[in-house]
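Sharing a structure, written as structure tokens. Questions coming.
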Amino acid sequence: MAGSTIGNSFRITTWGESHGKALGAVIDGCPAGLQLSEEDIQVFLNRRKPGQSKFTTARGEGDEVEILSGVFEGVTTGTPISVMVRNADQHSKDYSDIARVYRPGHADYTFMEKYGIRDYRGGGRSSGRETIGRVAGGAVASKILETLGITVCAYTKSIGEIGISHVNLEEMESNQLYMPDTEAATRAAAYLEECIKRQDSAGGVIECVISGMPVGIGEPVFDKLDANLAKAMLSIGAVKGFEIGDGFAAARANGSTNNDAFVGDGEAVYKATNHAGGVLGGMSDGSDVIFRVAIKPTPSISQPQQTVNEDGEQVEISIHGRHDPIIVPRAVVVVECMAAMTVLDLLYANQSARLEFLQDFYNKQE
Amino acid sequence: MAGSTIGNSFRITTWGESHGKALGAVIDGCPAGLQLSEEDIQVFLNRRKPGQSKFTTARGEGDEVEILSGVFEGVTTGTPISVMVRNADQHSKDYSDIARVYRPGHADYTFMEKYGIRDYRGGGRSSGRETIGRVAGGAVASKILETLGITVCAYTKSIGEIGISHVNLEEMESNQLYMPDTEAATRAAAYLEECIKRQDSAGGVIECVISGMPVGIGEPVFDKLDANLAKAMLSIGAVKGFEIGDGFAAARANGSTNNDAFVGDGEAVYKATNHAGGVLGGMSDGSDVIFRVAIKPTPSISQPQQTVNEDGEQVEISIHGRHDPIIVPRAVVVVECMAAMTVLDLLYANQSARLEFLQDFYNKQE
Amino acid sequence: MAGSTIGNSFRITTWGESHGKALGAVIDGCPAGLQLSEEDIQVFLNRRKPGQSKFTTARGEGDEVEILSGVFEGVTTGTPISVMVRNADQHSKDYSDIARVYRPGHADYTFMEKYGIRDYRGGGRSSGRETIGRVAGGAVASKILETLGITVCAYTKSIGEIGISHVNLEEMESNQLYMPDTEAATRAAAYLEECIKRQDSAGGVIECVISGMPVGIGEPVFDKLDANLAKAMLSIGAVKGFEIGDGFAAARANGSTNNDAFVGDGEAVYKATNHAGGVLGGMSDGSDVIFRVAIKPTPSISQPQQTVNEDGEQVEISIHGRHDPIIVPRAVVVVECMAAMTVLDLLYANQSARLEFLQDFYNKQE
Amino acid sequence: MAGSTIGNSFRITTWGESHGKALGAVIDGCPAGLQLSEEDIQVFLNRRKPGQSKFTTARGEGDEVEILSGVFEGVTTGTPISVMVRNADQHSKDYSDIARVYRPGHADYTFMEKYGIRDYRGGGRSSGRETIGRVAGGAVASKILETLGITVCAYTKSIGEIGISHVNLEEMESNQLYMPDTEAATRAAAYLEECIKRQDSAGGVIECVISGMPVGIGEPVFDKLDANLAKAMLSIGAVKGFEIGDGFAAARANGSTNNDAFVGDGEAVYKATNHAGGVLGGMSDGSDVIFRVAIKPTPSISQPQQTVNEDGEQVEISIHGRHDPIIVPRAVVVVECMAAMTVLDLLYANQSARLEFLQDFYNKQE
């Protein structure tokens, strides 16, 4: 229990169910002095909004964010920032067909077994709408990181078997799948059309690049940068895998090719290659931090599936209604936001790594 | 900082450097009433001991564990269990060749940049020897899980490009690579011989299966079972990736094939397949929990490599001495131990999931 | 930073400023299966509401609580319970007189020095209104404790120099000062009238009794029951002291009179006296847990005071407006609520104290 | 469970029983770059050592500390510092008289009820020897604070009814009771002689002053400086009360006399008085932080006491052996150490209070 909080010094606590009154988050640990408006958060939320294309649900979610605390005269005060999004159509649907049936690939069964009760409307707490709070927290973290020269950028790397062959962020803007390769996006769109026809769904891979990282971010043992990123990513609903740098390919490589040579000119030190993905010993090494996450296909499909009901009886289920044939495009911003918060939290921790840092800080303070 | 602790209610805090006086862990949250001896921990430690084969370093590490607290008359008392392993040969070597040079693929550079100082002997805190404390904690967790009917079993799934074609645990016992497929193990051994000849190293994949899990273990949002496993795994030195169930393959699948149908006979509920890897919505679903981790090739290789020294000058380094050509076989028990502790911690949390659980417990207590 | 959360397994995160849009809390770790309505929380909030007597401010705070998540069809689901109270009159006042002046006894100066910015309206985050979230959390915790046979009851023990001479809870109901001694309450009321005339304020002591505690609640070292209660109490705005059992009087006693003899009849064990206040070695001992907290006089008084402004210039301030001459009566319910949450959190932790508890639980679960 | 750790960013985990093999602590979060030797810790440990006077037990505890990790070439590396003290005479005594009897005022009964097993030798985990780990952690924290110009100083304020009338630290050095008033110390010594004759024990009050604090240390809601100090203090075995500034006396005062006027000269701001004890709204206000703790009389007394045994039968017990007639003098250093760690932990947290702090830090880092 009490598993709705993540982060140590920069942390969010999310709350809310898909069809409850509202969803939101408390963002605690935001420093004072950041200019922050609801619009700053809204632009991030809009990226995960449904109804943007035929590949995302048409459900009319307004998802307008309200900041309830922590900001005074447009500036953060160092106190917790509470954000909320009201659910517009919480009573709009008849759930009798799924109220007592466990949908395959969903958390219905496990939720019921754990708690003995569940809010079956739209997945309740296990809905993708839970990520609203994460995105709000990530919007704040991203804005802070930006002032430090750190950017976090995620994009769709592959959908089904179709992968990108290059990364061009301008191309990403021009398609609804967030693929930085227009040609791949076109093929992926055709594939998704086909999935829809077959009443089926698809998965994919999201890649994320963090640029501008100082060296040494992350703690050497359990709170490694990559370990905390892995937890943050796997905590997102449909994520089934995480890899950093060469990841699983590194397991097939040799040391001589997987090691990144250091290069120095007496001033800056950098790496000739980046198989490591920007992390050595759990700490950022100055290269871009690069990782990928695997997203499973949307479990809600309209073709008939075998399952059981709450009485343990075998039944067939067909899940109708508005469901994305793919989760990936809307998850891109969620990956980005979880990464931003993870990095920021470890940036705080790093401030007391050396005695001289403390001494400089408290001398300066007086 | 303060990143040397993992777990909430069952937690370990590890300490120690490769060539310091000793290494160890404080295991906090072990319930009272467990029969525990040093031998229980030693058998786990022996599995990670070097010198077991030509593929592990010949360094004469005794690694004899001493229990310093928390056990009275052979039984745990509920107080923290402090365990320690003395380092035998802490002054045995001349480190002048690496003392001021950053080894590629190691944490030398990042450690130095973060802290401004580092114990360069054998990798210091970033040494694989840090896992001694993890294995001790995992030995205790495993013994507790065993009494609950839960077993955690890891093995080598692949080395380089050579993968197993079946899992036979008896075969695993008969080879030094912990591969549950004798034929694959033979080929992998030949491949490693070849790597040694080339002064190179190899990586591989470890798979872990947790059996006997009750349904509902894991918390639905941030402390998902798979999220906590992912963090635990990526916190192990050379791990570069984590996937649960079909993992990255799920990203290429369709919902219709990736979903696991539920099957019920009016009594038990189970899944017809296990693409999910035993976790739905972050909670165990009653199937085996199955995950894999990618281990990079040993970064210490004796062929010459380009790097820089502490002055940022370009230098060439050849790392001599005793180094495993592969980390995988010795990491198997570490994966198992981190998994055992992760599961146990979430088993505790689950005890207060329902009001009736609390009521039953406290009525019973009187 | 990130200091707005308290508790480990049952925890609340509070947010909100006195004159912001709203205040609230996320209550995480409430077990599933508790019947819960807004009314359950409202009755607790009403006890801290202003305007109940001439000794509490007349400000028209509606303080109507809204439950936004975590409850489905009147029953908790195990997911976080988000509660919110809208601030009615957030723009109603002119703060120009105190916007740039540091009120003595308040957090204006420290807040400004720490953050460089502050919401000066009504004390902002440091307002007593922050306790709304605490009371909501405590209302939920109290309802859970009640089902376990545990009750938490606080009352005013003294106001200024006037102390109660007996505890009669019925008498407490009949006066506005929450004193369980009508005669003392009458004298205290007269004293407060006098304070008001003098444009001054008063402090007092609140006592709290927790009955029905099982033996062994609390962890033996840092998370002692009394240690966690002490933190919970001192985290309340105006609290300046905490003592358990005989407290500071024990420091003047002898072992022979301060020790509580155990009494046994072969069945139950109890203590002949309760100087310890129900805690031995940080764990509940089966007697009532009894502690007291010291509340300072309301710092806002209307007589002129010397202070400085944001430029560090000496100024005189007279704080007008509606301010309680005493905080104590409204703090009674806050003390009770913080105690209830502290106890519940440690009741959870105790569930895994013994291996047999885990074994019983997971055998029972199947 | 898992209650053996305190602190967030600077934290210690203590372990060990009175008569087990050893006791110790893992100190995690110490910044790199601090010169640290075993002698630095030993001088603190010597202050809590028994056998220093006739008022402390004559048990021959060597208590020689060993640093096992975290220090390289005399300087901390940022990794956890493991410290250990071996127990010299762990098998030296016959405990048959108390093995099955619950000593009044001790944790024997509660420990047994909670865990079903206890190490009865010398109090086991509940022994005062557990504080060895705390003192080691505090020695490190104090050394860090010293470099920041912050000093923590505790002394005996009263023993029984005998209080000091002034604070002269030189006088403190010249008596074994750590009273900064020689005349009071002489009277207290006579009182303790009398207690010994009566086979009885005494309690007392310790006061602690923290000087040189920057303004703004402490977090405004739950992690208030005084709240965290209160928890740290009540977590010490025999502590029954905590008060800051005027404490319980403030509860009897009026706002006009309890408020501290701010004084400014256009440059520095300070307080004309310090009734608040250096904390406003949970944050340090620039004045000395002053608090007191109440210590109960030693529960082990040699006169006969009524109690029960493990079968719940009424028995009489006389506790013989070496027991201090008073805990206070040896607890002085423990109070100081817990305070030092609490303050340091909050000094870390304060480093990210403002966005400009983060910006300055990471610009400076490059």
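For clarity, chains are labelled A, B, C and D in written order, and residue numbers in each chain start from 1.
Going forward, a residue touches a chain if its C-beta (ideal position, glycine included) is under 8 Å from a C-beta of that chain, and two chains touch if they have at least 3 such contacts.
Only a predicted model underlies this, so the values are computations on that prediction, with no experimental measurement involved.
Undergrad: How short can a chain-to-chain path be from subunit B to subunit D, counted in steps between touching chains?
TA: 1
Undergrad: Out of A-C and C-D, which chain pair has the most contact pairs?
TA: C-D
Undergrad: Quick one: subunit C and subunit D, Cα centre-to-centre, how many Å?
TA: Roughly 26 Å separates the two chain centres.
Undergrad: Taking each chain's centre as the mean of its CA atoms, how far is subunit B from subunit C in angstrom?
TA: Taking the mean C-alpha position of each chain, the two centres sit 44 Å apart.
Undergrad: In whole angstrom, how far does the Cα centroid of subunit A sit from the Cα centroid of subunit C?
TA: 37
Undergrad: Which residues belonging to subunit B are in contact with no fewer than two other chains?
TA: Where subunit B meets two or more other chains at a single residue, that happens at 1-5, 8-10, 14, 29, 31-33, 78-79, 114-116, 125, 220, 348-349, 352-354, 356.
Undergrad: Name, in rising order, each residue of subunit C that touches subunit B in their complex.
TA: 8-10, 29, 31-34, 76, 78-79, 144, 147-149, 214, 220, 347-349, 351-362, 364-366
Undergrad: Spell out the part of subunit C that touches subunit D in their complex, as residue ranges.
TA: Checking each residue of subunit C against subunit D gives 1-6, 14, 102, 104-107, 109-111, 113-116, 125-126, 130, 158, 160-161, 195, 198-205, 215-216, 219-224, 226-235, 237, 240-248, 250-256, 258-269, 272, 276-277, 280-286, 294-301, 303, 305-309, 311-314, 349-350, 352-354, 356.
Undergrad: Residues of subunit D touching subunit B in their complex?
TA: Per the stated touch rule, the residues are 1-5, 7-11, 13-17, 20-24, 26, 28-33, 66-70, 72, 75, 77-82, 84, 114-119, 124-125, 348.
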